[in-house]
Amino acid sequence: MKLSEIAAHIGARVWGEAGDVAINRVCGIEEAGTGDLTFVSNPKYAALAKSTKATAVIVAEDFPKIGATTLRTANPYYAFARALELFYQPPAYAPGIHPTAVIDPSARVGSHAHIGAYVVIGPNVKIGDRCTLLPHVVIYEGTSIGDHFFAHAHAVVREHCEIGNHVVLQNGAVVGGDGFGFAKESGAWYKIVQSGIAALEDNVEIQANACVDRASVGETRVAQGAKVDNLVQVGHGCRVGAHSMLCAQVGLAGSTELGKNVVLAGQAAVAGHCKIGDGVIITAQSATSHDVEAGRMISGSPAIDNKQWLRCVAAFNRLPEILKQLRSLKLPETQE
Amino acid sequence: MKLSEIAAHIGARVWGEAGDVAINRVCGIEEAGTGDLTFVSNPKYAALAKSTKATAVIVAEDFPKIGATTLRTANPYYAFARALELFYQPPAYAPGIHPTAVIDPSARVGSHAHIGAYVVIGPNVKIGDRCTLLPHVVIYEGTSIGDHFFAHAHAVVREHCEIGNHVVLQNGAVVGGDGFGFAKESGAWYKIVQSGIAALEDNVEIQANACVDRASVGETRVAQGAKVDNLVQVGHGCRVGAHSMLCAQVGLAGSTELGKNVVLAGQAAVAGHCKIGDGVIITAQSATSHDVEAGRMISGSPAIDNKQWLRCVAAFNRLPEILKQLRSLKLPETQE
Amino acid sequence: MKLSEIAAHIGARVWGEAGDVAINRVCGIEEAGTGDLTFVSNPKYAALAKSTKATAVIVAEDFPKIGATTLRTANPYYAFARALELFYQPPAYAPGIHPTAVIDPSARVGSHAHIGAYVVIGPNVKIGDRCTLLPHVVIYEGTSIGDHFFAHAHAVVREHCEIGNHVVLQNGAVVGGDGFGFAKESGAWYKIVQSGIAALEDNVEIQANACVDRASVGETRVAQGAKVDNLVQVGHGCRVGAHSMLCAQVGLAGSTELGKNVVLAGQAAVAGHCKIGDGVIITAQSATSHDVEAGRMISGSPAIDNKQWLRCVAAFNRLPEILKQLRSLKLPETQE
């Protein structure tokens, strides 16, 4: 494909003969060679742009001039995503219902559905148009699902849950499993019926083997556009705000609320009954059991302000030296 | 339903006309309005009880008087659980074996079983009475399962495992998967045959996508009444004591023993070959590689006594200031 | 079985009448009694060898003399693994294709395959000889799989992935699920097509519910002999070096490279775009967002040199005392 065609597709400009060059693939900057289009959005790779053998590089508008042809754009990562679509599309699944699918007679499935082998759809389920359910997906009774739903093999939606439009479930995702609710009585744990649901709004994606529990009462809600990575736990009664991002192995205990545009990096966690404001960033492996004001970036376990934490960590790494200094003061208490 | 009926069901008292009021639902205190019954067990929500618009509130015996009608009980959370059952029951599954279930002729399934679509039951499996196996559950050969077993879609029990009565598996739970046992030989990992089993005693619940590995030799055992949340890892050869609770994403490495009534909060972990005494609490994201005496509460990674840890964390957060003070002493070693 | 036969099998020596004794099982040293063979490889259990009632113990060549008969070998753990195989073999699955398996006509399956109930194999899949696919395994289109593949129930291999010989997938493992790639555009997350694949080389094992994501571009690769435990996350574009070991719940963010013989203990993590050298050990719950030189052992979050970390942790646990000492200095800044 000509570079000029790609440029037009992604809304970048390329001048003259530079646009006539053929691009064979889109790839990462470290692998890129002749005929390749690559990109720089992570500053960590900016230096590589100078020495890359790629034929062309998608860069930010203000990126320094380099040897390779550049496609300049306000959002190189997004432009890369758009360019990549010109070279690869995931498998398409033609409309049709596999004869082995077990669909309850009371269920309603919209038009242009692809229902794969061994899919099970329970009573009173409503599924919108242009949905794809790959093999072994199970939709429990009473669930309502919008249009353009895409569920990979072994994904599950439990009873009475509510799923918006354009929702994607990767393999093994569990939406609406029972919350972890038990009351201690006479020395044993008594299971609390999980009467609530889990709701996923439009454009939510839940990735592989992640779990969004149903609520004891009311609902667990993942608001529109939020993305939930592999092996994440969203506890019962939580609310995840719009366009928030939960990276792999993040955990939210019960009844916690995240605002909009919150980012929890890998393995981060929030205890139960907390309110995390809009735009909060919790860095990897960090955790809080307190409310967090909007816009803050916090780190550590328990988490504090990220900048203060960085200073504390630097000091922590010098603690043995600090102790040594204290000993040199020969205070009575420091004798050993 | 009349409040007096609910009160009678949960063993609380309500006097006179207050008992005649109609309750339409049971819900959380923040959502509760007219016609709702709610509860306070978490002290974090006690203040809300004063201003709630709920018609009635389940509270502890010694809870202060509030505007709303109160149902007083020794265990409000348990009472809430019991009240909730009057308003919601999860789907019931009528006895019957779906024609697509593949059940080995040598397997024995007890009375009143519900066996869903595409369930696979291997040779020499024994399953007790009144069991529910939802679609796509797979029971490997030689497994023994008690009465009232309930397995959600895609749960798996591996070969020769032993499951007690009233055991619940949520979606994607894996019981008896191979332990992570490899011996290094000639520079490569040699797989150790996992000859042991996993055993779940009565009233154990394993939640979604959690894994309880089989043992190399002997058994992995989860004792009666223990509850294991989503995405938990129980390594090979572990023993989880009765009524212990492993919250989401907890990890136990191999051959570790937990006593009774142990609580591991979210993402906590114990290294291999440790003994954790009865009643130990390990707070969220904490981990230990040592034995822990009964009754202790530990925190941090590596974990220490919780109270000491709280003091240490407070000091950690002041480390930059401490360093500054040290520098002000103008000790030779602190010059930079 | 005679002890002398076991000794011959594992390459150990036993003299005279000691070899005539009958061994009934192989088990852990704490459970071992008369008629049992056990082993000591973990130094934590060495003391138990003196008092064990086991009939024989596999030990290292230089292990002290004990009461029980010893089988001496350079690698006791490996010898134990080999001995165990004489007493237990996991279930064997006879060649044959279950009539309920849905295999696309364009797929090619090698000789001596065992294809279980409800297995789904997509278009243009190639599977080698002597493979075992247990019930509900799903192989997406265009995947290439070598010989001696063993996939437990509910394992999944996604489109176009490449699997070597002797690969094992435990239950619920997901190979090639979409990477967590989204570009922010106009305030929303735009999904980046995950055009790459996941590749598992020979002798890789992925355990239960672990996820190895496909790459945005290029590939995610787990090199030969690497072992990946339950609930591990391998992000898109990562490379895991040969014979590396990722223990349970480990997380690798995107585009990170691990060298050969790397060990990540339970719940450890590496941020994106890092290079971890050969032989690095990252201890449990530790994490790094930096490159790490070959051969290092690091700990903490963020991780530092293990030995320094141990000193820092010891000091951390004394921080309250340190603060007290500082206060005793009556510096102006320490007054409260």
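By written order: A, B and C. Residues from 1 in each chain.
Rule of thumb we're sticking to: a contact is a pair of C-beta atoms (placed from the backbone, for glycine too) under 8 Å apart; a residue touches a chain by one contact, two chains touch by 3 or more.
From a predicted model like this one, the values you see are computed outputs, not experimental measurements.
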(request) Write the angle of the rotation needed to overlay chain B on chain C, where the fit uses Cα atoms and the result is rounded to the nearest 5°. (result) 120
(message) Please tell me whether the contact surfaces of chain A and chain C are same or different in residue numbering, using the over-half criterion.
(response) different
(message) Centroid from C-alpha atoms only, then distance chain A to chain C, rounded to Å. What do you get?
(response) 25
(message) Two-or-more-chain contact residues of chain B, please, as numbers and ranges.
(response) 100, 118, 136, 154, 172, 209, 231, 249, 267, 285, 301, 316, 319, 322, 326, 329
(message) With touch defined as at the start, can you tell me which chain A residues reach chain C in the complex?
(response) 25-28, 31, 42, 44-45, 75, 77-78, 80-81, 84-85, 87-91, 98, 100, 116-118, 134-136, 152-154, 168, 170-172, 203, 205, 207-209, 225, 227, 229-231, 243, 245, 247-249, 261, 265-267, 284-285, 301, 313, 316-317, 319-320, 322-323, 326, 329, 331, 333-334
(request) Could you please specify the touching residues of chain B with respect to chain C in the complex? (result) 100, 102, 118, 120, 136, 138, 140-142, 154, 156, 158-159, 172, 174, 177-178, 180-185, 187-195, 209, 211, 213, 216-218, 231, 233, 235, 237, 249, 251, 253, 255, 267, 269, 271, 273, 285, 287, 289, 301-302, 304, 308, 311-312, 314-316, 318-319, 321-322, 324-326, 328-329
